[in-house]
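The structures considered in this document are given below.
Below are two complexes that have chain A in common, paired first with chain B and then with chain C.
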Partner chain A sequence: MLKEDIRFIILALIPSLLFVLPFTFYPIGYAIYVSTQRYDLKYPEEIRFIGFDNFIQVINSYYFTDSVLATVIFAVISVPLTVLISLGLALLLSQKFRGVGFLQWLVLVPWAIPLVVSSAVWKWIFDANYGIFNAALKGLGVIDSYIPWLSLKWPAMLILVLAFLWVQLPLPTLLFLAGIQSIPQELYEAALIDGAREWSRFKSITFTWLKPFMLIVAVYTTLMALWTFDIVYVITAGGPGNFTAVISYYTFSEMFTFLNFGRASALSFMVVLVSIGLIIAYFRALRIGRLRLRA
Partner chain B sequence: MPGTRKSKTKPHKEDEKDVLLRNPLDKTVTRRAALSSAGKLAVGVAAGVVIGAVGGYLAGSSGAQQTPQTVTRVVTQTVTQQVTTTAQTTTGPVGQKVPVTWGIWSWGVELVQDNARIFNQYNPDIDLQVVDYGLDTFFSGLSAAYTAGNPPNIHYSTPDVTYIYQQNGWLIDMEDYFPEIRRYLDDVFPGFRKGLINPDTGKVTGLFYYGGAQAFMYNARHLQEAGIDEPPKTWEDLEEQARLIKQKGVNDDPIGIWYGSWGFVEVGTYCFMLGMTDQEGPFMWDEDLNPIFNDKKSPWFQSLRWQLDMIHKEKLASTKGVLYDEAQAVNAFGSGAHTFFWMPDYDLAFANTPPSKEAGNLRMAVAPGSGRVSTIYRTYQVSRKTLEQGRNTLEATWRVLQFVGGRTKNGRPDFENGEYFVCRRLNNEKGVGPIYISMWEDPKYADIRESVKSWVDPEVKRQVLFKGYDFFNDPRMTTWWSEWWGYWQAGVARPLIHDLILGNRGLSDDDILAVLNRLAEEWNRMKRESKTGK
Partner chain C sequence: MDRKKIGILLASIVVACWVLLPILWMLDLSLQSEPEIHSAPPTIIPHNPVYFNYWFIFDTSSAIEARLQESGRLTFLPAVARWFPNALANSVIIGLVVIAINVFAATLASYAYTRIRFPGSQLLFYMSIAGRLIPPVAIVVPYYIIIQNFFGLKLYDTLIAVILVHAAFTIPLNIWILNTYLSTVPADIEDAARVDGYGRFETLFRVVLPVITPGIVAVGIISFMVSWGEFFFAFMVTQTQLSRTMPVIVGFMAAQPYKPVGILMAGGVVAMLPALVVIAIFRRYLISGLVAGAVK
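And now, the complex of A and B:
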């Protein structure tokens, strides 16, 4: 690499680094530092280095097991569903039919609605006293009386997944759509000439071409699932019991309710480590050594 | 009452005076000692200097500012009472206003701003500024301000936060400097009084912002349709009436129990216990803060047993209330989802007025059984920073405190002839009720009672407030109390109680006890890990 190239690269990086360093790397570094401190805003005079004590306290806490379980359950259900549904939507929206333009626009609507608002809507839909879902089921004769869905473990979790899907689908759908539209038509024509059927064409061309996009969607959705907070806070508040109290819910609680920044940072750092592990696992599972958006 | 307490002071030893002079506003110095020393100084060799300082001080001359700090501060103790009752101007340099900051959460901000404006109009020597710390971010924002050494002079507070701040030495007991504040206690409904007391010192810390009770309410239309003449007086009555209402098809879920997904965790568990038992408290912990609830004979156990039976056996109640937030609770009762309900008294204002479906049909009553219900209140507290900013700021803040939470006349403190100006506005304009007895009894506050008549019988509300029992101090607040209860959503007790109520942990006596033992275990762990064990 020429000296001029290196100089250009550095110069080109400076604008972004000016933002990334103070607003991304510094907070991450500071969070790691805080995770090793007894940093309780309620007792600020006692701030001191305590090594891994915050991590130990968090792991031994009354909520850790429940919140890890809730997070895993939520992610395991929501991530594959997001990938599959957004892929399906993208395939649908890549077809040429009347009204597809409107549908492409419609799929972006959830983005325009603040998460707290949409979460509140979901909560009202499943309300035990006057929710429209109960009204519909009763109207159809499926139930005799209204059911408190959010007080039931699995229905509550599935409602969270539903709310998550609704708000998270637009970006993956757009990514897949962009991927589909970038597939050279010659590949399909050649496959047709070779006698490939529809499923073979999808498997050999579309799916193969979309692998890098799938990786992005999987990584993105997993991160979103691991850090989901708003919908849990608004819809279930971690309930019933602690069944939907995901890790981010307790990270928030440690930070803003109990004001224990040390333990909150330890929790955050643990989730970051898990996220990195998952990203590596995704890369390996999809056998993509280096991300390439172009074939 | 100027002079009254001073005349009762006893002579003190010389060394006590020395200590007082070195650090007269130190919190360990008693009010009595401070007054006594001030009296000695006034009649002693230093009297001239002191009187000069007082004179200059009252006149607002800059000379008073130059008086040596130790003497000036001692004088503050004597002149304060005069300030309180005669409402003299207490500022320092001429034309210079004393800045006072008032920390609030984002609720009724326009009213707060307007109150600050009115205060500033009547008190041209003080510049009262409102600092809004947000709603959900209030606690974290305020704590950050304290940590940074820049707290407001006076601010709203919840009982749990108040105690944590007291443990940190961030707040002062206003009674140390203005003992006349204690007079307000007699005007507070008994079940709320502990809310103004620092549990460690027994001193009055501040005044009330607002308060209420988790009152018992019922739907009169439902009762009428079921042929019931009057609301239940006992828990047996309640059960019987609920059964009749269900049998007659008036309501399928007559006993509405609110367990709260945010705040108000006490409604379904603690409040029921209070109503069911005739025992006197404490109910949760003994004086040494050892749990006493994890026993099959404990009132809390009995109450949970009854609730599980009502939900899972008798089917007279449901689990719907586990996820009610405040708005949902109001809407549920206001839409007729339940016949009997417990919620903050002021929430009835929304449930019982249009466009609520049951507007006009809902009533408040003294709770069945013992009639006791838990209290809910918020207070004004004063930061230690105020003390460090000097006597002018302290006195100005005291004047603000009396304006926002006490009695004033034309914006100036006047305990004898003044009225609760801000409390009155909060009630009449926002429906947030006062917990000063006189405001529900004294004819000069007839407008208070008049303003609530459209949604509640003021006499019933007064009776209910007399039955309030302090949930926050049973027998006293601790630093881990809110995390243990899950008072702000996340925490130990709330999810476990929810699980129990939902039937996820079994329905037998042993299952209830297992949950209570688990809660006791966590309580003890938190107590062990706390800084001071209280």
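And now, the complex of A and C:
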């Protein structure tokens, strides 16, 4: 290896590692430590090692099954929708037509609104009494009386998915759009000469090219779905019943309501394990052997 | 051909409605008074739009005084809104610095990982992005502890603390994105440049940067927007209102026992404006004409 290369590697890596490493390894170490302790700030004098007890307590808790179910339902609906819709949006926005610049800008706009506010807007749209959705349906004669959407199980879940899509679509769309920009036009020209139809051009060029981007989008969206807290907190507060009370909802309440850091860390660890499993599954599904560092 | 045009037009209309309807509704609500907001059926077009909500955000003290003189009683209004303009400025500063850090650090790192074979590169790369796997709620306390004493610096309750935390939060994702982007770009022209006697830095800045502009722009926008909307960490590493960011102040406004919907919506409308300008500036460079030409 050249001396110049070594110097470049060191200089190039220092800035990012300086930011990333302290904020990666200390938190991981801390989370492992806390999850094996009886770490309840209500009883600070009783902090001691208890092995896997936090995990067992969490699994046996009254909320575990319901919250896993809520999280799974939410993620299974929202993740594929986010990936597919953002891919479609990026394909639309990479076409050349008048106003496409404006539309590219517009698609990113929901990102600019603080999550508390956009969640409140969705909550207010579907509000039973003052919501515009009920008023619109009644005005069109679809329903006779106002329906409390947020107090019904599946409508509440679907409203959460809608709000999630609305706030989460910009990032995947932007990524796909940037990815499409890197596709060499010659590939399409060659395919055109070969007489490939639009669908097969999409499948063999666009989709293949975007696979690594698809992986990032799938991983990112999955993490966001598994971590969803804000929109649930604002829109349904876990209701009706506990139907939309996702895992992170209980992680927050273990941590900040009951101050039981041990159990909150144990819950988080389970989420991490599930995410790792899913990431491996995505690698397999997209037939990417491992993260390629080089072309 | 015509069928395609109609398809694009229809799809564009659907997309525009999807994004715009909730925003228009937010705008609409922000122009209504509380009794008007809490009325059924909802007011679609405010009969006489009120600007009180906006007034309240930009000049909280005099708005409260005016409301007192008008009705003689003080309703629960989120006085924390008086910090809103300051928080908005904080958020813009933090967001711009986070863009700069990310574009600089993530570009350099991902170029080194992608283009140079060196022992441990795979491991370092994984280590750089692994931090993003842990749910925020589990890492917020260790982040707080680090900020209390970052290599001997007491950064708690400063803008630098928020910048640091947001950079640590966005760099891993951005390294991964730029790595993916770079690995789709053939290294041929770089090799040619190196043969011509360009050093690594020269190659990166003169040859590679123009080619990967869309990727870098995407990274810049992502950094800004993630920082712009981030509530939780910004809340944990600051204490005084002076160093709060926009989402934190808006969060406080929403956390009042009596929720003033109109004021919250006005906050949302104003809060989105600076970010919209930033997106508009950056978006121009998202579609780069250079890509197709340079990769040949």
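Following the convention adopted for this analysis, the second predicted complex is superposed on the first by the 274 of 295 C-alpha atoms of A that agree within 3 Å, B and C clash if a C-alpha of one lies under 4 Å from a C-alpha of the other, contacts with A are read in each partner's own complex, and residues count from 1 in each chain.
The definition used in the following text is that a residue touches a chain if its C-beta (ideal position, glycine included) is under 8 Å from a C-beta of that chain, and two chains touch if they have at least 3 such contacts.
All figures in this text were calculated on a predicted structure; none of them were measured in a lab.
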{"item": "Partner chain in contact with A:58 - chain B first, chain C second, else both or neither", "value": "neither"}
{"item": "Touching partner for A:129 - first (chain B), second (chain C), both, neither", "value": "both"}
{"item": "First, second, both or neither for A:259, with chain B first and chain C second", "value": "first"}
{"item": "Contacts of A:240 with chain B and chain C, given as first, second, both or neither", "value": "first"}
{"item": "Which of chain B and chain C A:70 touches, first, second, both or neither", "value": "neither"}
{"item": "Partner chain in contact with A:161 - chain B first, chain C second, else both or neither", "value": "neither"}
{"item": "A:232 touches, of chain B and chain C: first, second, both or neither?", "value": "neither"}
{"item": "In the superposition, chain B vs chain C on chain A residues touched", "value": "C"}
{"item": "Common ground on chain A, meaning residues reached by chain C in one complex and by chain B in the other", "value": "129-130, 252, 255"}
{"item": "Chain A to chain B touching residues, read off their complex", "value": "41-46, 62-63, 66, 127-130, 145, 148, 150-151, 153, 236-242, 245, 249-250, 252-253, 255-259"}
{"item": "Complex interface listing, chain A residues touching chain C", "value": "1, 4-6, 8-9, 11-13, 15-17, 19-24, 26-28, 30-31, 34, 89, 92, 94-95, 97, 99, 101, 103-118, 120-122, 124-125, 129-132, 135, 138-139, 146, 166, 170-171, 174-175, 177-179, 181-182, 184-186, 209, 212-213, 215-216, 220, 223, 226-227, 229-230, 234, 248, 251-252, 255, 261, 264-265, 268-269, 271-272, 275-276, 291-295"}
{"item": "Chain A-touching residues of chain B, taken from the complex the two chains share", "value": "136-137, 139-140, 143-144, 146-147, 164, 168, 252, 261-262, 318-320, 322-323, 325, 328, 331-332, 335, 337, 479, 483, 488-492, 495-496, 498-499, 502, 504, 522, 531"}
{"item": "Touch list for chain C against partner chain A, complex", "value": "5, 8, 11-12, 15-16, 18-20, 22-23, 25-26, 29, 37-42, 44, 101, 104-106, 108-109, 111-118, 121-122, 124-128, 130-139, 141-143, 145-146, 150, 164-165, 167-169, 171-173, 175-177, 179-187, 199-201, 212, 214-215, 217-218, 221-222, 225, 228-229, 231, 246-247, 250-251, 254, 261, 264-265, 267-268, 271-273, 275-276, 279-280, 283-284, 286-288, 291-292, 295-296"}
